[in-house]
Every structure is written in structure tokens, then in C-alpha cells.
Amino acid sequence: MADTTEMPQDKFRLSQLLYDARYRSMTIQVVAAMLLMLSLAWLVDNTIQNLAALGKDFSFSFLGTTAGYDINQQLIPFTSQDTHARAALVGILNTLLVAFLGCVLATVIGVLAGVLRLSKNFVVSGIMTVYVEAMRNTPLLIWILIVFAVMTEATPQPRDFREGGGAEMILWDSVAISNRGVFIPKPLWGEGSGLVVAVFLLSVGAIFALRHFARKRQEQTGAQLPVFRLSLALFFLPALLTYFVMGGPITLELPELGGFNFDGGIQIRNSLIALWLALSLYTSAFIAEIVRSGILSVSRGQTEASFALGMQPNRTMQLVILPQALRVIIPPLISQFLNLTKNSSLALAVGYMDVRSTLGGITINQTGREIEGILLLGSFYLIVSLIISSFMNLYNSSVKLKER
Amino acid sequence: MSKQSSVAFVRREMLPPAPPPPGQAGVLRWMRENLFSSVTNTALTILSLYFIWSVLASIMPWTLNGIWVAGSLTECREIRDARGLETAACWAVINERWLQLLFGFYPTDDKLLSSLFYAEPLATAGGLEAVFGAASNATDRIEFVGMMKGDLSNFTIFLFGYWRPLLAVALLVVAVAPILYSSLPRSLLFFSMLYPFVGVFLFWGGSIWGPMTVAIGLAAAFFIGRFFAKRFGLLGGGIAAVAAFIFIFLNPLPFIDHGGLFPLFPHVKDVLHSIIPFGLSAIPSDQFGGFMLAIIIGTSGIVLSLPIGILLALGRQSTMPFIRWVCVTFIEVIRGVPLIVWLFVASTLLKYFLPPGSSFDALLRVIILVTLFASAYIAEVVRGGLAALPTGQYEAADSLGLDYWKSMQLIVLPQALKISIPGIVNTFIGLFKDTTLVVFVGLRDPLGLTNAIRATGEWNGIYWELYIFVALLFFTFCFFMSRYSMYLERKLQTDRR
Amino acid sequence: MKKSIFLGTLAVAGLAAGLASAQTLAEVQARGTLKCGSNEGLAGFAAPDANGNMQGFDVSLCRAIAVAALGDAQAVEFVPLTSQTRFTALAAGEVDVLVRNSTWTFSRDTDLKLDFKGVNYYDGQGFMVRSDLGVSSARDLDGATVCIQTGTTTELNLADFFRVNNISYEPVPVQTNAEGQQQYLAGACDVYTTDVSGLAATRATFEDAASHIILPEIVSKEPLGPVVRHGDNDWGDIVGWTLNALIAAEEYGVTSANVRELAAAPTDNPEINRLLGTEGELGAMLGLPNDWAVNIIAAVGNYGEIFEAHIGENTSVGLARGLNAQWTDGGLMYAPPFR
């Protein structure tokens, strides 16, 4: 604000760069930029020298060469003859898979634990307190190792499922829990199954339309529709009908014991389960705390006011407390999702083939391209976290608008 | 009131309260209200009780029947079968190896141990000089120490063999106390500032003049800066301090003269050491390990990252777009990438970024990267504290005519940091837990040591006992830290209301 | 908090910045210890004993190199490395030499910019299974679950073997030998595959070693040897000729028991004389004292002694000499002449 008064326009002096508030910030920034450039140049120069001393170069051509190793869990087909780039892609998909599954499960458990921790029931809230404290105060890596050890040590081996082995499949012989993973039935998509799926998707869409319509109607006329029952019927009936009309195009392939292992079905590997469970349990404790403090942040007067209006406790929760609490809950919740995604890089500990293990592990090791590999790995995580945090910013600005 | 007196009968004294009807008082009522208020609640209670019972029933026999004295897992299993137990924990592995889990392969002070508790065999072996002197035979020494450790109890070794790390940790508590508890005398803060040097000396050993000269050098740079600041203003002081620092610790003139007077630090250190040679035996950081390693990495990471984090937070709020942009980029890049990738950078890439021929030990590299990592998180915490401060405070400082640094130093930061302490403690807990990740870059943290213990023939195949012990160690530490941070939050809340 | 070390290192870094990076021997001598990359725990090859002292076949080679460079067998810092981190650690200068069951391959020698300086153990990749599985050949392993250490050549060999034989398998990647052992024993995989020596060493620690068999197929050549960085030939010579001295000593019958006696005065055999420095100036050509080989053999023994002490038939690992016998006994151990 130094230039608000009429100042005589002197000729520019050099000392103004330092002592004149108009120029000083520019000077500082230019100096800072120069220092930054210098140090970056120093680092790059060192790197070039070091690489030259080792006779290495900087190139991403290794991504196009044959990987040579196999990956057990592939969401897209991959053989050892494919390239390192494809191996990295397989790893990326595996990372995203476990992160997605983890976020969903962690939210479910977390919300449950957070709400139950507020319960007036002493026993329930006590259990939840112990759970939350135990999870929050012990390193995630230990939990991953413990869950993994439970999965490998405490579940039966596939051969125990043979006659007299002492282990049995559950759910009418369709699911086998073994120490190599959980084997579940695999749907086989026969002729006409596309139609069933399409009908199912349509009916899901119809459910949303129905709810929208019901709400409109209630607002205008006050009459309520039996939304829940109608949705339930819509959810099941059309798809089932098409299924039977088409003659049952979708069948299940049950896992069966083969020579060494179960054949058929889908194998959910132990590494995935251990990582998924441990990440979810650990993160859910933090989510529980977020949910709890979110609910507590809504002042007690709100509850009392809504009771005074004659609302039921669950309607109060649904219509008064949750909408207000969500504003507090969602931003830290999203950053927990971000943490979970980053923590999925601990897959290394259980041999889950995520991007850290394929691109950042085996590929780097086989090709000796540490700088390039870590650069790519870091960029991947950075992009994911930028995407997630931009969602958070979007949400933040959308709730901010409603503020007065 | 007078109207009432016309009524025929008014009770003048209070009746004693009637006892509540049975079932409406005491435990019964409490239980009914809290545990069995509705059908759902009753079901929940019963379910929870069943859950607790089943968990305890499966864990307790195993835990309580645990075998505490055995030489190997096989022996444990034999003892278990001999006692006719179905399951039993083999706590013997903890009993035998807890020192290793706490300290890793950090060497014990064998001279002290042998002269205190093993005097007679030491005398027979030829005295201190013959066993531990420069001319002694390494193999004999290892044999002697092995025998001594076999004879002494683990607890004696813990107290006296590891007195250096123990003392360092105890002093750490003393140093941290005045920061965490404001009721303690402020003069203790002087010791807190001194502690980093004491800690380094105790943990790493070497000549006492190493940390001493660094402390003196830093103080010298600071006072030179202050001296010049009085004469030539803040900028001049800053430049003088940086120049002094560079001349003392780094050589700014590598093109002109390699091995001349500058940097001062190594010369002064050597001279002082030759005059008064005093020190502890130097211990290279690759022998650090166990829970001690977690404490060292965690505390040094957080302490070193505090100043960087504060600067980053201020930079992020700066009005200068370039500075802001740099700080935001740094913070987001650091926070966007998992720590494990950064540790990987520390162990493999850092070497490429530094001048050819420079060498860092692995622990130091990890500490550097952990510091950078933590500083981004601290910056966000401090930013929260800065944002929570009413704008009136900033405006008040401006209206007093304070310049930027003065207003930050005197008005803004003291308040903002006070609000941030719970967040900083939480960051510390997170960082402390994350120190377990160093196992992936080959440092021997407690989890890495469980692998090493399992690699030996005797304890091959033992998991739960080790994991539980390590988990409990971390839990105890983190739990009390988080309680402290909650206490602080409550205290701060009452302060503001 | 660790300011002093940090600054001290910076100061040293500033001083050392002008020096060439290729002088490993000078660096080692200035440091006073040899940094040797080793396995974090493989019985017989490299494992800490109860007092934390490293012992084993590979460890002895490290100690021999330390004797050559520093004259002290104890002056070794063992840096435990996983199969994934070992080469990056070596390339990054974290260790001076890597002796960690590393297979000599073309691409490692060239593309990774490393130098293999000889072979201290001729190995091959094999498979271990439970004997009650009823498998007698690796070709019967169709559909098996295989535990494998990531970042090793075995991983690539495994993929090749199963592809060539057109049978399927499911890899279970593990980080360390200990982890592989845990998974295998828990039955999370049917097969554990690694070098046969490693399999034997692992099996030696099992409770019921007899109920596990190593299948007859050896699916690869795995010459294991010490590795140094590309470019420092002087240091590479020291490492390579230390190994050759151990092998030659066995060939000539020089043992830790008689080496001092043989070195006291020139013998009839000029090869021994040159090896032990009583004739010629071979040590000086390496930049070492002339009795370097004497010290090595006195401290750790010759190749045969090391083999027998750590992995030989009388140890729990129980490996036969096989390919690793001297060439005079039908093996492949063949030291170039000391001349």
C-alpha cells in the first residue's frame, strides 16, 4: 500500500530493489528462482556425471523390451513375453483394484465403527474403542503381516480339502477358503447373457427414476409411494424374468480340486485379501474417528430441535444430522482414501503384484533403470493423488457455496 | 406468597425421598437403560458379549499358557506337549531376543560390563587391556564376550551394556518435556536446544569434539549474523550468517583451494581433539537397529522437519506467486508419493543426485528423506494453525508497524504453533509408525529383526509372538502419545473459550 | 538432530568432490572397513550367529577380500541386501563388493554395468517339493503354485522353463528366503524354487528335512560369484585374484595350518612361492603387500576349507563338492596361473 499517496516519480535507483515494497517482492522472487534453478542444475549435473561414470544413459526404451517374468494376478492378459510397459500396466491395475476395494470396505467398516462408538451401549462402544485404538496405534505394516500370517497359517491347504483332509468348502461347496486364497464361483457368460445384463442395468436406472418421481410427488401432493418395495421388485423381477426366458444363459463355474490346487472358479489370492483387509481395517479406524467427530460436530441443539418437531431418531439422523455432518466428514474422508491408495504400495510385504512390485520392483531390478523406473512410479502415484485431491477440492467448493 | 398461607394445610418440612421402585435403581437400571433399552440394543449387547467371549476364549489359553524358558521353537513344542497343553505361545523367543528387538545389533559396552560384573574371568583372561586393547585378538575377544553374555542376565546387559542409548532416550524425554508441558521451567528449553548434540554423541560416539564444534560453529554463525543484523539490517545479518556457516562447515572455494583452511570445522575439531582426546567408542550407523532405530528416525525426522515445515507453510501463504508456487509444488509432490517410494529414492537415487564420490550412510539418507517427507505434512498442519488464527491478529500486527518476520515471530507463529501442537504430535505418531517401512531399504528395524531371528535355525517358523511383541511396543508408545495429544486438544479448547 | 553427522558428511563430501570415484581400494582403506553386500540370512552362506557375527561361505570370501585390502578379517561391514536391492545398492556405491549368491549373466555384466570377478560356486536352479506330493520330475508340475524370490534370475528361468515345456504354473513372489520358506512350509505353495545350494541350505533348517525332496531337474546354469562396479579395474583385480588365491591355495595344498610354514621360506614349487610372495612381486602388481595371499589363507583358509566349514557334507547344509571340486578332481574350480 505504499503507493497510495501521490509520490514524486523519482528516477529508479538500484536500492529501490531492496527497500521499496513495490520492487522488493519481485527481487526476492527473482533471487529465489535463480537459486532454485542453480540447485536443480547442480542436481541434474551431478546425475549426468554419475550416470556417465557408470556408463549408463537415461532412456525409457526399456519399457518396450520383453519383461520375461510372470505375474500371478492379471486383470488384463499378460505373459512373460509381453513388454515391461504392459507389466507396469498390469501392476497399475492391481494397485487401483486393491485401492478401490479397500476404500469401499474401509468406508463401510469405518462408518459402522464410528456410529457404534457413539452408541449408548457400553459394551458395544467399548469394543469399538478398543478396535479403533488398536488399529490406529500400531503400524500398518504389522497389521498387513499379521493378517497375511493368519491367512497362510490358520487356513487349510488345498490338499486338506481332499477326503479326510479335515477341511470343507462352504456355501454348498461353492466357496473354498484355503491358504492360497479364496476360490469363488465364476460366472460363465453364455449366449444371450448380454440381454440379461442390459435388462438389469435398465431396471437399476428405473429404480433411480422411480425414487426421483416419488420424491417429486411427495413434495407436490404429500402422498407417499411404497418406494422400497417397488425398488426391490424392480431390482430382481425383470432381470430374473429375462434370465429364465432366455433359458438361463449365465451359469456358474464352481471351483474344484485339481492336481495341485483348485481349478476353475475365481481365485482371490491371499496377498490381495491380506492387503485388502489390512488396509481396510487400518483405514477404517481413522474413518471411524472422522465419522464420530463429524457427528459430534453437529450441535446437540439440532437434535433437540428436530425431536421437538416430533421426528423419529432415525429420521433425525437421516435428515438433520447426516447432511450437516457430511460436510465435516467428507474432506478428511477423501484424504483417507488418498492415504489408503498410497499405503497400498506396502503390497511389497505380501508379494501382491502392484505397480510398486512390477514396475518399481522386478522391472527396475531386471533392467537396472532406477531413475527412470522410480520417476514413472512416482508420477503414477502423484497423478492418482492429484486426481483424488481435485475431487476433494471440487467437493469443498461445492459445499462452500452453500455457506453464508 | 401470602395467598398460600390461607390454605388449610401446608407441609412445612421436606419428606425424605422415597426409594425408587425396584428395577429402577442402581446397576439394574443402568443396565436396562444402556444395554437392554430396545430389542436391537439387547441383540447388540448379547452379540458383543459373545464376540468378546469367543475372542478371549481363543486367545487367552494360548497367551497365558505361554512358555517362557526354552532354547528353540522345537524345545518349546516339546515342553508344550510334555505339559499336555493344546496351544501355548512360545514367549521364550522374546525372553531370549528382546534386547535384539530393542537395540538391533548395537554393540554393548563390553568393557564396562566385564569390569563390573565379570571381573574374575576378566582377570584370568589377562585384564581389560589384554582382552579389549588394540593388540588383542578379535576372535578371542568375541569368544570372551559371548561367554560373558551367556553368564549375565539380559536385564543386566540391558541396564549397563546399553547405557548409552538408554541415557540418550532418557535425556530425550527430559529435552522434550518442557516443549510438551508448559508448566515446566522455561530454562529447561536451553537443554532442549543442546540435546541434539548430546544425543548424537551418545548414540554415535566418537570424539566429543565432533558435536561440540558443530554446536559452537552453529552458535558462532548465529551470533555473527546477529552482530551484522544490528549494523546492516536483517538482510545483511542473514547474508553474514549464511557466509559464516558456509565458511565453517562447507568449503565455498573448491575451485581455488581444496585442502586449505576452509571449511574450518574439520581443522578445529582435529586440533581440539589432539589437545583433549575424549570420546566414546564410535559406532557406525549400520549397527543401529530395533526399536531404538524407530525412535531415532522418528524424533530426528520430526525435529528437523519442524523448521522446514514452518517455512513451507509460510511460503504457501506468501503473497509472492513464485514462492507460493514452489512451496505448493514441493508439498504436493512429497505428499502425493508414498513414503516407501521416497525411501527407495533414499536408498538408490540420492547417490546419483550428489556429487560423484560423496558418501552418506544409509541411516542418514533415510533420515534426510524422512525429514523432507515429514516437513510437507508439518507444513499442512502449521498451515491449518495459521488459518485458524483470526485475521484480526495479522491486522493487529501490521497496524503495530511490525515487519513480516517480526509479526510472524512475535504474534502469529507463537499462537499458530500452539494450536498446531496436537496436529504435530499426530504427525509424529504417523511418522513413528511409518518408520517400520525402513525394513524395505535394508535397515534393521524391529520387523526386519523378526526376519533375522526367524532366519536362525532355532526360531525358524515363529511369527505371532514376535509380531505381537513388536506391535505392543509400538502400541504403547503411540497410544500414550495420542492420549497426550488429546489432552492437549482439550486444554487448548478450554483456553479459547 | 543429527546435524553434526550431516554437516560433517557435507564437509567431507565437499573435500572429496574433486576425487575420482573409481578408487574403491583407496576409499576402503580410508574408511578402514570393507562394505560387503551380503544375504540377510541364508544358512551356510551368510547368516548371523547368536552374537550377531556373520558366518558363512559367502561371508568368508568377504573376509578374505577384507584381509587383502585391509589386513583384517574382522574389518567388514556386512550390508544385508535383498535380491531386489542388491544391484542397485552396488551400483549406487553402497557396498564395495557384492557376495550374495548372484548369478553371472550376460546382461548383468554388460547392461547393469557390473563386473563379475569369477565364480565361487557353480549352482543351478532346482525345485523342492514335499515328498508326499508324489512328484518325481519338474515336468509333472503342471498347475503347481511356485514360491519364488523376486528380482532373481530364477524368476526368469522359471518363466522360460514352464513356457518351453508348455505347462502352467502360478508364481507366488516372495521377498526373502525366510519368507519363501514360511510360505512353502505353510503349504501356500507346492514348490519352492531357487538355486540348489539355497534349497539345500533352506531344507537343512527344516524340522523334518527328510520329507522334502529336491527334484532332479536343474533348469539353469547359475554361476555365483563376487560382483563389483564396472569401471574400477584395480579393485576388480583385487576381488578376482583374492578368489583365485583361495582356489589356487587348495590346488597347491596350502591350508590355513601350513601357510605360515610354507611362507617362511621358498619351497620347491614356484607357483606356491609366487602365490605366497616368497618369489616375485605379485602383491605389488595389485597394489598390495607381497604376503597378501598368506594373510588371506591364514585368516580364512583355502577354498576347500571354507567350503567344508560352512556348506560341506559335514555341516547341516550338507552339499557335495560336485561341480565345485578342483579341476584336478573333475570339478570346474580352475584358478588361472599365478605368474
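Here the chain labels run A, B and C in written order, and each chain numbers its own residues starting at 1.
As a working rule, contacts are C-beta pairs under 8 Å (C-beta built on N, C-alpha and C of every residue); 3 or more make two chains touch, one makes a residue touch a chain.
Fair warning: this is a prediction, and the values are worked out from it, not measured in the lab.
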item	value
Touch-based graph of the chains, sorted into line, ring, star, complete or other	complete
Comparison of B-C and A-C by number of C-beta pairs in contact, larger one	B-C
Centroid comparison with chain C (C-alpha atoms), farthest chain	A
Per-chain CA centroid nearest to the all-protein CA mean	B
Distance from chain B to chain A - Cα centre to Cα centre, in angstrom	29
Where chain B and chain C are represented by their mean Cα positions, the distance between them in whole Å	37
Cα-centroid distance, chain A relative to chain C, in whole angstrom	42
Shared-contact residues (touching 2 or more other chains) in chain B	348-349, 351-352, 354-356, 463
Where chain C touches two or more other chains, by residue	21, 88, 92, 179, 182
Multi-partner residues of chain A (at least 2 other chains)	50, 53, 153, 348-349, 370
Parts of chain A lying in touch with chain B, wherever the complex brings them together	18, 25, 28-29, 32-33, 36, 43, 46-47, 49-51, 53, 119-124, 127, 133-134, 136-142, 145-146, 149, 153, 342-343, 345-346, 348-349, 356, 360, 370-371, 374, 377-378, 381-382, 384-386, 389
In the complex, chain A residues that touch chain C	50, 53-56, 68-72, 79-81, 152-153, 157-159, 179-180, 258-261, 263, 270-271, 348-349, 351, 353, 357, 361-362, 364-368, 370
Residue ranges of chain B touching chain C (in the complex, touch as defined)	74, 100, 105, 138, 142, 145-146, 149, 195-197, 199-200, 204, 210-211, 214, 218, 249-251, 254, 258-259, 263, 265-266, 284, 286, 299-300, 303-304, 347-349, 351-352, 354-360, 362, 364, 367-368, 441-442, 444, 451-452, 454-457, 460-461, 463
Interface residues, chain B side, partner chain A - complex	33-35, 37, 41, 44-45, 48-49, 51-52, 235, 319-323, 326, 332-333, 335-341, 344-345, 348-349, 351-356, 429, 433-437, 439-440, 447, 463-464, 467, 470-471, 474-475, 478-479, 482
Partner chain B, residues of chain C touching it in the complex	1-21, 27, 33, 40-43, 47-48, 50-53, 72-74, 77, 79-82, 85, 88-89, 92-94, 176-179, 181-182, 185, 205-207, 316
